[in-house]
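Following are the structures in question.
In what comes next, chain A is part of two complexes: it sits with chain B in the first one and with chain C in the second one.
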Partner chain A sequence: MANVESLRYFLPELLLTALVLAVFLVDLGLKRKKVPIATLMVVGLLVSLYAVLKTPGAEGVTLFLGMVSLDPFSVFFKVIFIVTAVLVTLFSMESDEVEEKNFGEYMGFIAATTLGAVLLASSNHMLMAFLTLELVSVPCYVLAGYISRSRRSSEASLKYVIFGAASSGLMVYGISLLFGVTGSLSFEGIRDALSAGNPGEIIVLISLIFILAGLGYKIAVFPFHMWCPDVYEGAPTPITAFLSVGPKAAGFAVLVRMLHVAFSSSDGAAAYLTDISSVDWPFLVAIISAATMTIGNLLAINQSNIKRLLAYSSIAHAGYLLMGVVALSQLGTQALLFYFVVYLLMNLGAFLVVLNFRSQTRSEQIGDYTGLAWRSPIGAFVAVSMAIFLFSLTGIPPFGGFIGKVYLFASIIQGERFIWLAIVAIANSVISLYYYARIIKVMFLRGIDAEDLGGFVSSPTTITLLTILAVGTAVSGIFWGPIARWVSHSASLFFG
Partner chain B sequence: MVSHILSWLIFFPLIGAAIVAIVPRHQHNLIRWISAGATALPLALAIKVFVSFDRTTSGFQFVERTEWIRAFNIHYYLGIDGVSVTMVLLTALLCFLCIFASWGITKGVKGFFVLFLLLDTGMMGVFCALDFFLFYVFWEVMLLPMYFLIGIWGGPRREYAAIKFFLYTLLGSVLMLLVMLAFYFFSRDPLTGKHTFDLVLLQQQNVHIGPLTSMTLRNVCWIALYIGFAIKVPVFPFHTWLPDAHVEAPTPISVILAGILLKMGTYGILRISYPLLPDATRHFALFLAVMGMINIIYGALCAMAQKDVKRLVAYSSISHMGFVLLGMSSFTSEGINGAVLQMFNHGTITAMLFLIVGVIYDRAHHRDIEGFGGLAHQMPRYSVITAIAFFAALGLPGLSGFISEALVFIGAFQTYRMLTIVSAIGVVLTAGYILWTMQRMFLGSLKEKYKALPEINGRELFTLVPLAVIVFFVGVYPMPVLNLIKTSLDHLNKLVTGG
Partner chain C sequence: MISLQTYLIIGAILLVLGIYTVVSRRNAVGILMGVELILNSAGLNFVAVSRFVELSIDGQVFTIFIIVLAASEAAVALGIILSYFQTYASVYADRADSLRR
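Showing the complex of A and B:
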């Protein structure tokens, strides 16, 4: 579709762009910023969410001469990003880590990242994918270093930039190689060139590895995960929560689209795709997946800082999520999407507890959570919510994380080829229980008799948000039919 | 007419838990009585089930079925047959009695009873579920309250025991998860053409398709299921979590663990491995019988070496569960009926044993066998109850343990002569450790410091007497229980042996 025509379908993105500008402008004229800017953010995001849901042509059109694709798959991720941004905005209100004078820019960067993520999930062209990946990354570099005068935060930001720059460089190089052999940068163009004839196995393999390096950095998979623990620990807690869901989901969205559209083709059968690149990339991704989940889980065991622990846990989850890519089937894609829905709920929930605890006690050490369940009724509520999130992350029913894992395992077993990966994954589930249970242990199993642990309170907003997220986590594990229908609709695009 | 009796059995305790959760936390007695009510109604319903259960059919009864998740063809599908009905009765009874055994819990009362009732729901669900997915959900849901109940209200090494229990059982259940998914994808309902989790449908071997028709995958599936269930039973060498968990858990939780949770392992084998993979079951039958024998002998030898009476009872459970394995692997009517009867009997006897240990621990604050002596003088009534339980455990004729062990031996002897003869040594060993313990604790002269030990009280008697009555009754006249299970088990036996 040509440029001018496309604008009609581009309303959500335009609204988000306007929101970014509006936030920066409002910031200039205000002294007490938190409430008005957060309100503006939430309203702006909700309006664009409405626009996303109401935009016509959601059955699959390409915009701007094939650069951007509007389809159920991108709509799904747009919803995920915007909901995440709304929640993170509310989290930021609850946090005292960001100073009020910087609040406007901070929110603007969150809006800009969201805009980038929305575009990234719709990218249908290597150039567009690269540009929007940078649009996601650059604001995140700034956000990671937002705690002024904190060495840890600055270190986090710097590490993030350096790793990010290196992997972006690799990715551009990979894209240029691919352009060299296929003569095209659009996903369909690459697919046509690859299926027309063999353009040189080695070159395709090298370029694919470089592109995976760029995206692998964004989703923090082995061996590109090193930045993740430091950045998660150093960044303000709401930003850590944001990074663990938003940009990660964006990276996965473009990864899936690229691999499914540019490097695979549907051979008529509706449920599966086949790899056309003559490079066995599903095997490569399976190895990355197994290594990522294992490394993430093993390194999480000994962490004493809860944000670091959750960082490693989110690395491990990236490994699980890759199983959905490996399967290269409709069920695999559904699994990935389903997992993101529950991952959003449970991971943001866990970080909200961390944030709440930090604002009460100034501590991020797991040891300080001792007896949280017995300190006060609010403490008990927070501890129970945390237990729900952590058990869901482990994958124990009746919580959503369990269904997510069932989906992922199911896609692997259905594919039959990578059964070993499912076995690695279940071993990892058991390992993960060990470290998640460490947090539960200190919260519940200790301190029932202790007198002097001090009380624990939360603001009404935190309690409301925790309730929503915890109930969501539980309900998505019991009545997940509606989510199943939604992801099934969103994933059907690449097949048949 | 669709009866919802099983749903009520499962979810009434959950409703009770919800009510307890909103009661102010200092109203200890109110919480206890609500919990008692929440388990009393399921007990009444279980008795109703017992009365109206059709003993002539091998099919499922009290069936309820509703679609749960269409995308995966998952159903909320409940029903019981002869294999599960005794377990449902046992669960309802022990949960009710354990509420009274929990009266002495004073810290975190509200949390304890909420978790206990959740546990009740999970256990009841496992025994009633006929959809593999539903079964799995209940199976795992049960782990969560158990972890907290051991971990918060347990003994000095509770943190270690709780996480060990959790990790072991989770490992077993994730293996089961993979098998469950394999069954789903490699099955096709001939009527609808869909994949299925329906355990009844999956019994029909022509539903299995693709790789699941190859013997290799069937054997692999059988082994994966076996590991999952063997951890729960527990079968040597997966048993190491059991002594820790049983010893550290508070008395009522030890009762539930030994009385009900262990049975889930053998129940799972009978409900899933046997009918779904009959060919692989036949292939591994000898292996199963050998494991049964090892459990009997090994458990008894370990029990003999224990100084802590609770640890002794824990190891005796391993030994007694060996009889179940031996009996069910014999593929004779006597053997398999004896096995399920042994599951029921062990549930009642071991529950008594743990309650008895709890009684003395509450008074003396230790469980060291050598530390007692001459208790029969001080606590005569307590000693009588103990004697009943101990003699039932060693298989004295006239008490229930004898019937089931005799049936198991009669059945197993027809199939595995040598194994049965060796296993019979276990009975001697059991008599050895039980009588020796009896002698050290109850006979001889009373220690000076225990001169003031109070006699067993009314509440404790209330938890023990019903079990003692059952032990007596089944020992003299086992037909009410055998009639309940026989039709289904003979049918199952035929299904597996292909006869």
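Showing the complex of A and C:
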């Protein structure tokens, strides 16, 4: 579709762009910023969410001469990103790590990252994918270092920018090789070139490895996960929560689209795709998936800082999520999308508890959570919701994480080729129970009779958000039908 | 007449030098220069391919974007290095070990 025609399908992105500019402008004129700017963010994001849901063309159109594609898959991820940004805005109101005088720019960067993520999920061209990947990354580098005069925060930011810049450089080199052998930059063009001739196998392999390095860094998979624990620990807590869901989902969205559109084709059977690149990338991704979940879970065992533990847990979850990519089937993509819905609820919930605990006690150490359930009625409520999030992250019924894992395992077993990966994943779930249960043990079984633990309070906003997230996590494990229908509609486009 | 291979080989050499710089330098600004080398190797590849193989403007447009992006990324990275310098009084990346303790 030509440029001018495309504009009416592009309203949500235009609204987000306007929001970014508005936040930076409003920031200039205000002394007390937190409430007005957060209100502007939430209203702007909800308006663009409404626009996403109301934009026509849900059956799949390509905009701007094939640069951007609008389809149920990208709409799904747009909803995920905008909901995440709304929740992170509310989290930031509850946090005291960012000074009020910096609050406007901070929110502007969150809005810019969301705009980048929305475009990344719908990009259908290597140039667009590269540029929007940078639009997601660059504001995140700044956000990680937002605690002023904090050694840990500026160190997190430095590590993030160095790893990020190097891996995006490798990715663009990989794209240049792929452009050399296929002569095309659009995903469909690459697919046609790969399935028509037999371009240099080694070159395609090298370029795939480089591209996976760039995207693998974004979603924090082995061996590009090293930045993740340091950045998650040093960044402000709302930003840690944001990084673990928003940019990660964006990386997965473009990874799935790139591998499913450019490197696979449908061979008649509607529910499966076949790898056409003469390079066995599903095997490569399966190895990465197994290594990622194992490394993430093993390293999480010994952590004493809860943000660091959740960072390793999010690495392990990236490994589980890659199973949905490896399956290369409609069920696999559905499982991936389903898991993202649940992961958003439970992971943001866990980070909200960490944030609340930090603002009360100035501590991120797991040992300091001792007897949280017995300090006050609100402490008990917070501890119970944390237990729900952690059980769901482990994948214990009846919570949403269990259904998500069942779908992922089912997709791998249905594919028949990588049964061993499902076995590795089940073993990993058992390991993860150990370190998640350790936190629950500290909160409930320790310090029952202790006298001087101190009280624990939460603001009404925190309690409301925790209730919503905990109920969402629990309900998605019991009535998952509506979510399953939504994701199966969103996942269907690559297949048949 | 210089052939496509020459450009690709120079691109590969630039890439290797860039990766070596990123891995071996202690100075954060030096690491950043290694990243610039990697980005430029990709840019060179794009221009060469679009000149010799695929006679379209796509590759050259991509290179322009790489140059713009390298500039903006360097601006952000230098800002971050400056804030790191203010807290650590150093630009050596290996001093950054206050996390994971």
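Here, the second predicted complex is superposed on the first by the 496 of 496 C-alpha atoms of A that agree within 3 Å, B and C clash if a C-alpha of one lies under 4 Å from a C-alpha of the other, contacts with A are read in each partner's own complex, and residues count from 1 in each chain.
Going forward, a residue touches a chain if its C-beta (ideal position, glycine included) is under 8 Å from a C-beta of that chain, and two chains touch if they have at least 3 such contacts.
These numbers were taken from a predicted model, which means no experiment stands behind them.
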item	value
Which superposed partner A:152 touches (first chain B, second chain C, both, neither)	second
Partner chain(s) touched by A:441 [first = chain B, second = chain C, both, neither]	first
Partner chain(s) touched by A:481 [first = chain B, second = chain C, both, neither]	first
Chain B versus chain C as contact partner of A:413, first or second or both or neither	first
Touched partner set for A:397, first chain B, second chain C, both or neither	first
First (chain B), second (chain C), both or neither touched by A:170	second
Partner chain(s) touched by A:449 [first = chain B, second = chain C, both, neither]	first
Which of chain B and chain C A:134 touches, first, second, both or neither	second
Touched partner set for A:183, first chain B, second chain C, both or neither	second
Interface residues of chain A shared between complexes with chain B and chain C	none
Touching residues (chain side chain B, partner chain A) in the complex	25, 68-72, 107-108, 111, 136-137, 140-141, 143-144, 147-148, 151-152, 158-159, 162-163, 166-167, 170-171, 174-175, 177-178, 181-182, 184-185, 211
Parts of chain C lying in touch with chain A, wherever the complex brings them together	8, 11, 15, 18-19, 22, 28, 31-32, 34-35, 38-39, 41-43, 45-46, 49, 53-54, 58-59, 61-62, 65-66, 69, 72-73, 76-77, 79-81, 83-84, 86-88, 93, 96, 98-100
Touching residues (chain side chain A, partner chain B) in the complex	373-374, 377, 391, 396-398, 402, 406, 409-410, 413-414, 416, 422-423, 426, 429-430, 433-434, 437, 441, 444-446, 448-449, 480-481, 484-485, 488
Residues of chain A that touch chain C when the two form their complex	126-127, 130-131, 134, 138, 141-142, 145, 149-152, 154-159, 161-162, 165-166, 168-170, 172-173, 175-177, 179-180, 183-185, 229-230, 233-234, 308
